[in-house]
Amino acid sequence: MDKIGISEKIKQLSTKKISNMYLSDFLLTWDKTMDELEAVFEVAEIFRDMRTNNISPKVFDSGLAISIFRDNSTRTRFSYASACNLLGLTVQDLDEGKSQIAHGETVRETANMVSFMADVIGIRDDMYLGAGHTYMKEVSESVYQGHLEGVLEQRPTLVNLQCDIDHPTQTMSDALHLINTFGGIEKLQGKKIAMTWAYSPSYGKPLSVPQGVIGLMTRLGMEVRFAHPKGYNVMSEVEEIAMRNCQESGGSFIKVDSMAEAFKDADIVYPKSWAPYKVMEERTELLKTQDHDGLKDLEKKCLENNKKFVDWECTEELMKSTHNGKGLYMHCLPADITGVSCEQGEVEASVFERYRVPQYMQASYKPYIIAAMIFLSKFKQPAERLMQVLDDNVMRWG
Amino acid sequence: MDKIGISEKIKQLSTKKISNMYLSDFLLTWDKTMDELEAVFEVAEIFRDMRTNNISPKVFDSGLAISIFRDNSTRTRFSYASACNLLGLTVQDLDEGKSQIAHGETVRETANMVSFMADVIGIRDDMYLGAGHTYMKEVSESVYQGHLEGVLEQRPTLVNLQCDIDHPTQTMSDALHLINTFGGIEKLQGKKIAMTWAYSPSYGKPLSVPQGVIGLMTRLGMEVRFAHPKGYNVMSEVEEIAMRNCQESGGSFIKVDSMAEAFKDADIVYPKSWAPYKVMEERTELLKTQDHDGLKDLEKKCLENNKKFVDWECTEELMKSTHNGKGLYMHCLPADITGVSCEQGEVEASVFERYRVPQYMQASYKPYIIAAMIFLSKFKQPAERLMQVLDDNVMRWG
Amino acid sequence: MDKIGISEKIKQLSTKKISNMYLSDFLLTWDKTMDELEAVFEVAEIFRDMRTNNISPKVFDSGLAISIFRDNSTRTRFSYASACNLLGLTVQDLDEGKSQIAHGETVRETANMVSFMADVIGIRDDMYLGAGHTYMKEVSESVYQGHLEGVLEQRPTLVNLQCDIDHPTQTMSDALHLINTFGGIEKLQGKKIAMTWAYSPSYGKPLSVPQGVIGLMTRLGMEVRFAHPKGYNVMSEVEEIAMRNCQESGGSFIKVDSMAEAFKDADIVYPKSWAPYKVMEERTELLKTQDHDGLKDLEKKCLENNKKFVDWECTEELMKSTHNGKGLYMHCLPADITGVSCEQGEVEASVFERYRVPQYMQASYKPYIIAAMIFLSKFKQPAERLMQVLDDNVMRWG
C-alpha cells in the first residue's frame, strides 16, 4: 500500500459518521455503531500502512498514557505500549495491587490524582465477575467530572484492555484479521464461525473472549455457532445482545451442544477454554472475603469437572469437517497445545502449528487497533488529521 | 491566559535574581531565597498556561530523569513522571529496595553508575528520621564530584520528592494553590493558617508535611498557628527556622494547644496526622537493627497513644469558628475521612466533600511545580528560554 | 572534540567493511570481524563526542527497545536505557520471572508477540551455564523467522547484555577505556593484561567477564595472562578461542598459577571473583530441578572452598610489581573491597580508591557502546547517517 492508497483509505474514513467517538471511551463493542467499528478497522489499517511506509503518526509531542493491569499481562502490555509509543504517548503504570477491588471515593481520587497530564487510560480488569466493567465506568466518570470541575486540563479517555464482559481490543483484532483474510468486511456476511469451549488443564480463564466474539461477530453478519459443555455458559446478557445483533446484521446466533455440530462446514473455528459463569461468580465472592481455603476447593472441583470434557479438543479429525476441510483456526493466544504446553489441551499440535503464522498475524493487529481507538477518541476530525500526517511525512526512523 | 499574558509573566520572571538556581538542587525551601521561590511559582504558572494553550515546553530532545522511591508512592510518582514527560525527559526507576539504608561508597558509586545520561534525579526518602535528607546530600555530592572528575558528561540536579525534614514539592504546590485562591502572593501577608495535628488510625506518617508547611508559610508573611497533642512535636530545628522566617517576612509562628485555638478565625486550616518525633526516632533505630518485634510493639503502643486524641478531628463545628465560617480546608491527600476511609479519622466527611474540588486543584499544581524546579536548575537563562518556547509555539498535541 | 573532529571520525568509519553488521545481532565478540569491533569503538566515540557537543543522534522518531533481565541489574539496565533513550527508543521491560528457563514454542511465541513494534531486544541471561546464549539464539531466530513470515513489520536485532559465555557490552567498554588510556587501539599491541581470579565472600558470580576479557583482549594483540586457583577454570571453548585469536593478532594467552606471576610487569590488571565452572554446571542442574536443599549445600561448600584462596587479593604490594608500579587497575564493578564492602575481598581499599575515577570512566563507555551496537545493526549506511546527524545539528537539550 503506497501513499496514494493510504490517502484513498483516509478519504473513505471521512465518509463515516463518527463524531460521537470524540472524547468517548472504548469499553464494549456493542456500545459502538457500525460506522464507529468500521472507523477503528480503517484507522488501524491506515496506521499499519503508514508504518510500512515509514511514516510516523506521532500526533502527541508529550503526554502520559496510564496503564492499569489488575492481572499479569505481557502481550496486552506490549500492545498497549506499542500503540502509545507510535502516537507519542509515554506509558506510566499504576500498580494498585492485584488483589484489591477499589471502590468509590478512592477510585475517584486516585483517577484524578494521576491524570493531571494523562491523555489516555488503558485498563485490564478481568478477574472479578461484575467488577471489571464497573470499575472502568467509575474511573471514566471520575475523570470526566474532574475535567468538568477544572481539575484536569484535558479529559483522558479509556480503552478497555479486557474486562469481565468484553475484550474489545482482542475481538476487533480478530475481526480485522478475518476482514483481511476473507477480503473485506462485506465478505464476512454469512460466514460461519464456531466459537466453542475447549478443554484445558487450567482454571479461572475469563469469559470475555467468548462473550466478546459472540457480541461482535454477530454484528458483522456472521453465522455464529456457540458450543460449550453443560454449565459452561456465559453471561446471559451478552447472549441476548448477540441475538439482537442478528436482527440488524442479518447474521445468526445458534447454540449447539458439541464441537462437532459447531465445526460442521464452518469457515472459521475459535475453540478456547473458559471457566463456567457460576464458578466465576462463586470465585468473585470468595476473593472478596479472602477465603483462601474456599478458593482452593473451588479450583480443585473446577479442574475435576473440566476433566469430564477432555474430548473437547480441536483435532485434525474435526478440522476436516470444516468448510472444504480448510476452516480458519483462531486463538487469542497463548493456547494450551496437546503434547506441547500440556499433556492434553485445547488443540492438537499439528492443527496449531499449521495455523501458527495466521494466528501471529491475528495478534499483530492489536497494537494498531489500540492506536486507532485512542486516536479516534482524541481527534475531532480524524480524517483531516491523518491526511496531515501523510503530508508531513515524518520518518518513523532512518 | 493567552500568549500575550504568558509573555508578560515571562518578563516578570526576568526581573528575579535567580542565577544561583542554575545547577543547584531543590532540597529544602528554606535554602532558597524569596526570589527563587517566587521564580518556581511563576515558572509553574507559565507551564500551566502553556499547556492550556497547547504549547509544548519540551526543552529536552532526550535525557533520563532518575526516580528513587524508598517508599510506595503513586501520586508523587505520577507527578514526577508528568513533569519529566512535559520537558522531554524519560523516567527510569532505580529500585534499591525499600528497607535498605545505603551509605557512603555504595551511594557514590551507584549515583555515578546510573547518571551517565541523567539530567535529573528525583528522590523520595521519608521513612527514616535523620536519613532522608542526608542521603540526598550524599547523592548530590556524588554526582557533583562525578561531573568535576569528568565521569559524568552533565551534572544531574536533584529534586526532593519528600525527605524526613521537608516536602517542598508538596508545600510549594500548597502555596501556589493559596496564591491563586487569595489572588496573589502579596495577599497572603497576615493570613492566618492553622497547621494542626489530626487523629488517624494509622501509624508512622512522616513529619515532612507539617515541617514543610511551617517552614514555608512563615516565609510568605502568614500567621502560622501550630497545634498538636503533647508529645507529637516536630523537629525543633524546623520550628526555629519558622520563627526566624517571621523576622524577615513579618509573619508569625504561634504554638497553641488545641485545634480550637488554632482554627479560631483562621483563613486556612491544614489538619493532618503525623507520628510523634520520638516515635519516628525510635522507629529509625529499630529499622536499622531489623528489630521486627520491637517495631510491632512500637506500632501497637503508638496506635494506642493516638487513640487518646481521637477528638482532634476537623469537624463542621470547628470549621464554623474559622474566618466567616469559610476558612479554606487543605490536605495533602489521601486523607483519613471519618465514615468513609475509616471509622474515625482526620476530618468529617461533609467538610472533606465540600472542599474536594479545591483539594484536587491544590494537588494539580504539583507536576508544574516539579517541572519548574527542574527547569530552573537546568537553564542558565530561564526567561529567555521560555520566551523561545513561546515563539517556537510547538503544539503539545493535535 | 569539535564538529570537524567528529566529521573526521565519521569519514574513518566509512572505510570499514561492516556491511554484515546490518540486521545482525551482537552476541559474542568473537563472532565479529576486527573491522566490526573497531566500528563499534568508533561509533561509540562519535556518539560521546556528539553528546559533548550537544548534538542529538535521535534517529528513531518512535519505536520500542525490549529489555529482558533474568537477573537483578541496576547498572546494565541504566546503560541500556541511556543508549535507547539517546537514539529515540522507548524501553519496555519483559519480566518473565527470574527462575524460569523458557524453551522452544514459548520463546518463539512470546518473542513475536512482544515485537510487533520493537526495533531492538536487549537480554541479560547469565545465571544458567549453557542456557543464556542458547536462549538469545532462540529469540533471535524467532524474530528473524517472524519477520520473514510477515508477522513483524521490522526485524528486531539483539544485544547481549550478558550471557553465560560472554559479556560484550562490558568488555567492549573495557577495551575502549584501554584504547583511550593508552592512546589508540594500535598501542594495545603487546600490552600485558593480567586477568585473574580474586577472593570474594560471595558465590555464583558468572564467568562471562573473565571469558569475555580473554576472548577480546587476545584479539587486540595483548599479552593476556590468565590466573585462577585450581578448580576455578572457565569454559575450555573460550580458552581455545583466546589461543586461536593470538595467531592472528600476534597477542598471547598465557596461563599462570598465581596473581603474582600474572601481575609481574603487567600494564593492566583485572582481578575479579567468579565461581568455578563445575559449580556453575552443578548449580544449573540443581536450579532446573528446583533442588533447594542441594543449592544451599552447594553454596555452603563453595563459600568454604573460596576461603582457601583468601590471599588472592589485589594488594598494594602486588600493584608494586606491575609495570613501573603503575599498572592500570580495572574492575567491572561493583567490587568487593576489603574493609569497605566486606571484611576481606578482591582488592585493598587504597588500590581501589586510587583507581576509582578511571574505573568510573571505564563504566561510562557502556551506554555509548550499546548505542553503537544498536545503531550499527539498524542502519545500512551508518557513516552517511551519522554525517546527516551532524548536519542536522539538533540540540540534545537547551
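For reference, chains read A, B and C in written order, and residue numbers begin at 1 within each chain.
By definition in this document, contacts are C-beta pairs under 8 Å (C-beta built on N, C-alpha and C of every residue); 3 or more make two chains touch, one makes a residue touch a chain.
The shown structure was predicted, so the numbers you read here are calculated from the model rather than taken from an experiment.
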Requested in this report: Please report how far subunit A has to rotate so that its Cα atoms sit on those of subunit B, a copy of the same sequence, as a value between 0 and 180° in steps of 5.
Outcome: 120
Query raised in the report: Shared interface numbers for subunit B and subunit C above half of all numbers used, same, or below, different?
Result: different
**Report entry** subunit B and subunit C: spacing of chain centres that average the CA atoms, whole Å
**Finding:** 41
Requested in this report: Could you list the positions in subunit B whose residues touch two or more of the other chains?
Outcome: 88, 90
Query raised in the report: What residues of subunit A sit close enough to touch subunit B in their complex?
Result: 59-64, 66, 88, 90, 92, 94-96, 105-106, 109-110, 112-114, 116-119, 146, 149-153, 378-379, 385
Report summary line: Per the touch rule, the subunit A residues reaching subunit C in their complex are 48, 51-52, 56, 58, 74-75, 77-79, 81-82, 85-86, 88, 90-91, 333-334, 337, 340-341, 357, 360-361, 363-364, 366-367, 394-398
